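Given below, in the form of structure tokens, are the structures.
Both complexes below contain chain A, partnered by chain B and then by chain C.
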Partner chain A sequence: MRKLDPRTKLFLLVVINVVMMTGKITGIFVPVRIVFALIPFVLMMRETWFRGSLIYFFLYLYVFLLERYTLQDINPVLLIVLLFTTGLLSRFLAGVMMAYYLMKTTTVSEFVTAMERMHVTKAIVIPFAVMFRFFPTLKEEWQDVKNAMKMRGIGLAGRNPLDVLEYVMVPILMSVSKIADELSAASMTKCLSVDGKRTHIARIGFSFLDVILGLCGAAGLFAHVFLGGVIGT
Partner chain B sequence: MKKYEVKDLINIGIYTALHFLCIFIVAMIGFIPQTFAFAGILEGFLGAIPFMIFLTKAKKFGMITIMGVLLGLITFLMGRPWPCIAIGLAAGLITDLVWMKADFKKIKYGPLCCGLMMLWLGGMGLPLFFGYRDSYLANLEEGYGKEYVEVIRSLTPDWMFFGSIAIGVVGGFLGGLFAKRILRKHFAKANLVE
Partner chain C sequence: MIKFSDINFQYKNNKTEKGNLVDINLTIEDGELIVLTGESGCGKTTFTRLINGLAPNYYPGTVTGELLLDGENVIGKSVAELGRTVGSVFQNPRSQFFNVDTDSELAFAAENIAMDPKEIIRRMDEITEELDLKDLRQRSIFELSGGEKQRIACGSVAVMYPKVIVLDEPSSNLDIESIDKLKSVLKKWKKQGKTVIIAEHRLFFLKDLADRLVVMKDGSITNVYTRAEMNELSGALKEMGIRPLEEPGLVIKRSKEGIRDYIRIEHFKYSYDRKTIALSIDKMLLPGHQVVAIVGQNGAGKSTFLKCLCGIYKTKKDKILLNNNRWKRKVRSKDCYMVFQDVNHQLFTESVLDELIIGMDDSLTESEKKEKALDILERFGLKDKAGDHPMALSGGQKQRVAIASSVAAGRDIILMDEPTSGMDELNMIRLSDELKRLKGMGKTIYVVTHDYEFINECCDSVIELK
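Let's look at the complex of A and B:
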């Protein structure tokens, strides 16, 4: 199975977010939204992440139906409560899943190579790649801090919020600054430098699927811009 | 201008991730319209803490600017209109200039820098204002009905754009003060910063 090109994934991420976050939710944009909500689902199925993709599918379906059929003309207080879940999810979920897919399936090497092909300067590419790789690490760190606190019987509830912030942030920041050092050492052994030319064995390139998805994204963007997705017409 | 090393770039990436995550978590709360102002101050406060640590690592001109551009890029990837990249760049550049004035080490200027950096939050709220506003709200109205939109509309006249930025900046400044205390209490002791 050929992997998708990182550039296609990035493009799709932008388009999905643009359409989902700032697009209309009525009229012809109902099918457009459905298509774009399905893209991460299909891509995740392709990676055989059945559990995650099915959870995503049914969650989105639920949110979508709720938003479409029940959110009109109800009590505003209830609406705002419901909105916190549905509105938020229907806007963010597809983009979040796409970002998750992007991060899980793209190696740093592939990402950097793709960016180099687009002639982005290293001063942007390296921090960006580090950042993308770093979100999962942060989650692990957070879990570790939580475990450590639990082990020592320090609960988060019923304390001064500033203290809580200190208890959580300080260990994370400590380990983060250590990770930064370790990463720099690791990159040194891999001869990553700012101005030297980089060699790589990552294979990237556009395949048939890339073209289809790319066209799909372009069509969605076109509909968004020219068929009244943005301007309130 | 000194040359960048890979270490600098890695630091930028890591602290941008942490900074962004802090703000993103709070921004989720900001979806409830009544918490709009409150969320701004909290975003600034929380985001300032990693940024303060980043400041102690930023010894070269341009590092904060790159961070600003990165933050702008993420906001763009999240579907905000493209000027958010320019806003990120501007916020980074201003902060960078102030930090340069502080010789890249005078921690006294830290809280001010934290506050100024929060200017990039302007990019996050961009769809709610100016030319984007009417279309965005009209669209919301079709989906969610008038009441919700009225609440948002009443809370977000155009001047609120600057208001929300100012709130973020104040939050950043307060967070910077708090972070300064943490820095002295924990990091200076462990020799993680000088």
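Let's look at the complex of A and C:
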């Protein structure tokens, strides 16, 4: 299976977020939204993440229907709560899934290669690349701290939330800053520097699927900008 | 050839009178394998940092004297420049990879010096063959064990064909089998004529590889032994606070009292996802009121076992008996206290005193808690640290705070995960004494460890997980 080019993924991430968050939800934008919501689903299915993609599919279907066909005979308070959550989910969910897909399927070196092909300066690329690498690290650290709190019987209930925040943040920040420090040292010994040319072994490039998805994204963005998709126009 | 002439070094944040390296004079010939050892803080890591340029470039400080690598002055060169000839492997497998996948990491350094991609791929394949990394290619680094990570670290250095390789405590998180693999990598490098410099606490795996053993103390070189001299050392090293050169075998002592059954496990299973089983125990007996070592290879499920036992991980349908009474997960999590491998994760509060108070029985009044906490700190030799922030302490002290807080919380069963990783002889002995004292207080201690010397020092029985 040919991998999607990181540039396509990045473009789709941006477009999906812009259109879903700031776009209208009526008229020709109904099909646009459906297509954009389906893109992450299809991509995830392609990676055979069946469980995740199906959960996403049905959750999105649910909020989509609820938003379109709002129930009539319903307690107004409940209605507000429902509209609030569905409105939020229908705007953010697709973007979040796309971001998740991007993170999961792109290696740091593919990402760096793609950015450099776009002539982005290393001073911007490197921090982003490190961020990429830090998400899984943060997850590991958070798990460990959570386990430690559980083990020591320090629950969330009945405590000052600021204290709890401190208990969580202090150990995480301490170990993350230590890791960051050691990581920079290690990277320097591997000749990483801000100036100087790099080569890449990661092979990236556009395929047929990239073109199709790219066009989908571009068409959606076009409609959004020029056919009055932005809310308030 | 690497030549240290009258090298003195002091870190910028070291405000004391004493330098971190003092009057270092040493000539390392090409193709030599040098082992640096000594207590924690003796300067052996700093020594390696001067060679790869991290000191004074990344860790700032002042240097005097001359350090030559093949006749060229090293001091003043950037780390990236030195990286072309000097490869570095570090202690912490969690923090030495820039990438998230193994292949990218192998290629990373070569990419950074703009090597031709075809050549990089050729070298990667060559190194894969040479260092036996086939099963580690195209993997996520986050799913590798400590030993596997260290092999990738070695591979990613080897791709650069470095002339000199420095390693800073590479074995501290490894089990015996992974250490063997590391040893065979070192052997290959030595055969290829590379100059290898290793800072280490554990020496047994280096005994027949080292050309010279350099002992450091307080920043100075106190002794240099050739291989022939090393073999006549055994007793003298212990006095210097250095771990033995002999591979420690397990000495099984028969305990006089005979083993009392304490915990009986009849069914215990756990898996992280629905596919792979991380732990599966049908029958097991754990003795009580002892220090019990739990050994096994990396990946045998030792840490998982501890986390399941103390209730961090939810095990379904487990059947565990404590003194013949059903011991449920909820109760287990109140009876057990686990000291993690990385203690940083379990110290939350602003002061050592608070750290003890936070876990105490709520029926006590504030002043009673404080009094009791100070009492415990006194016993652990930490009373003068009561007001300090836990994160400001040294690694060994943090660990003692964690153990002290388990005592404060009144837990009877203490679980420890790899407590001696990266510890020198002195701290290891201190911890052993601590555990023996806890046993004297009637506590039960289960320790997951790879450290046979530590087991011989303080454990009463040994259980192997497979």
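Here, the second predicted complex is superposed on the first by the 219 of 233 C-alpha atoms of A that agree within 3 Å, B and C clash if a C-alpha of one lies under 4 Å from a C-alpha of the other, contacts with A are read in each partner's own complex, and residues count from 1 in each chain.
Methods note: contacts are C-beta pairs under 8 Å (C-beta built on N, C-alpha and C of every residue); 3 or more make two chains touch, one makes a residue touch a chain.
These figures come from a predicted structure and were not determined experimentally.
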item: Partner chain in contact with A:174 - chain B first, chain C second, else both or neither; value: both
item: Partner chain in contact with A:154 - chain B first, chain C second, else both or neither; value: second
item: Touched partner set for A:109, first chain B, second chain C, both or neither; value: second
item: Partner chain in contact with A:22 - chain B first, chain C second, else both or neither; value: first
item: Touched chain A residues, chain B compared with chain C; value: B
item: First (chain B), second (chain C), both or neither touched by A:166; value: both
item: First, second, both or neither for A:131, with chain B first and chain C second; value: first
item: Which of chain B and chain C A:144 touches, first, second, both or neither; value: second
item: Touched partner set for A:193, first chain B, second chain C, both or neither; value: both
item: Partner chain in contact with A:95 - chain B first, chain C second, else both or neither; value: first
item: Residues of chain A at both interfaces, chain B in one complex, chain C in the other; value: 129-130, 166, 170, 174, 179-180, 183-184, 187-188, 192-193
item: Chain C partner contacts - residues on chain A that touch it in the complex; value: 107-109, 129-130, 132-133, 136-137, 140-141, 144-145, 147-154, 166-168, 170-171, 174-175, 178-180, 182-193, 196-202
item: Contacting residues of chain C [partner chain A, same complex]; value: 52-54, 57-59, 78-80, 82-84, 86-88, 90, 92, 94-101, 103-104, 107-117, 120-121, 124, 142, 156, 307, 310-312, 333-334, 336-338, 340, 342, 344-350, 358-359, 391, 405, 409
item: Complex contact set, residues of chain B against chain A; value: 3-7, 9-18, 20-21, 28, 31-33, 46, 49-50, 53, 57, 62, 66-67, 69-70, 73, 76-81, 127, 132, 134-139, 142-145, 147-148, 151, 178, 182, 186-187, 190, 192
item: Parts of chain A lying in touch with chain B, wherever the complex brings them together; value: 10, 13-14, 16-26, 67, 71-74, 76, 79-80, 83-84, 87-88, 95, 99, 122-124, 126-131, 134-135, 138, 162, 165-166, 169-170, 172-174, 176-177, 179-181, 183-184, 187-188, 192-194, 230-232
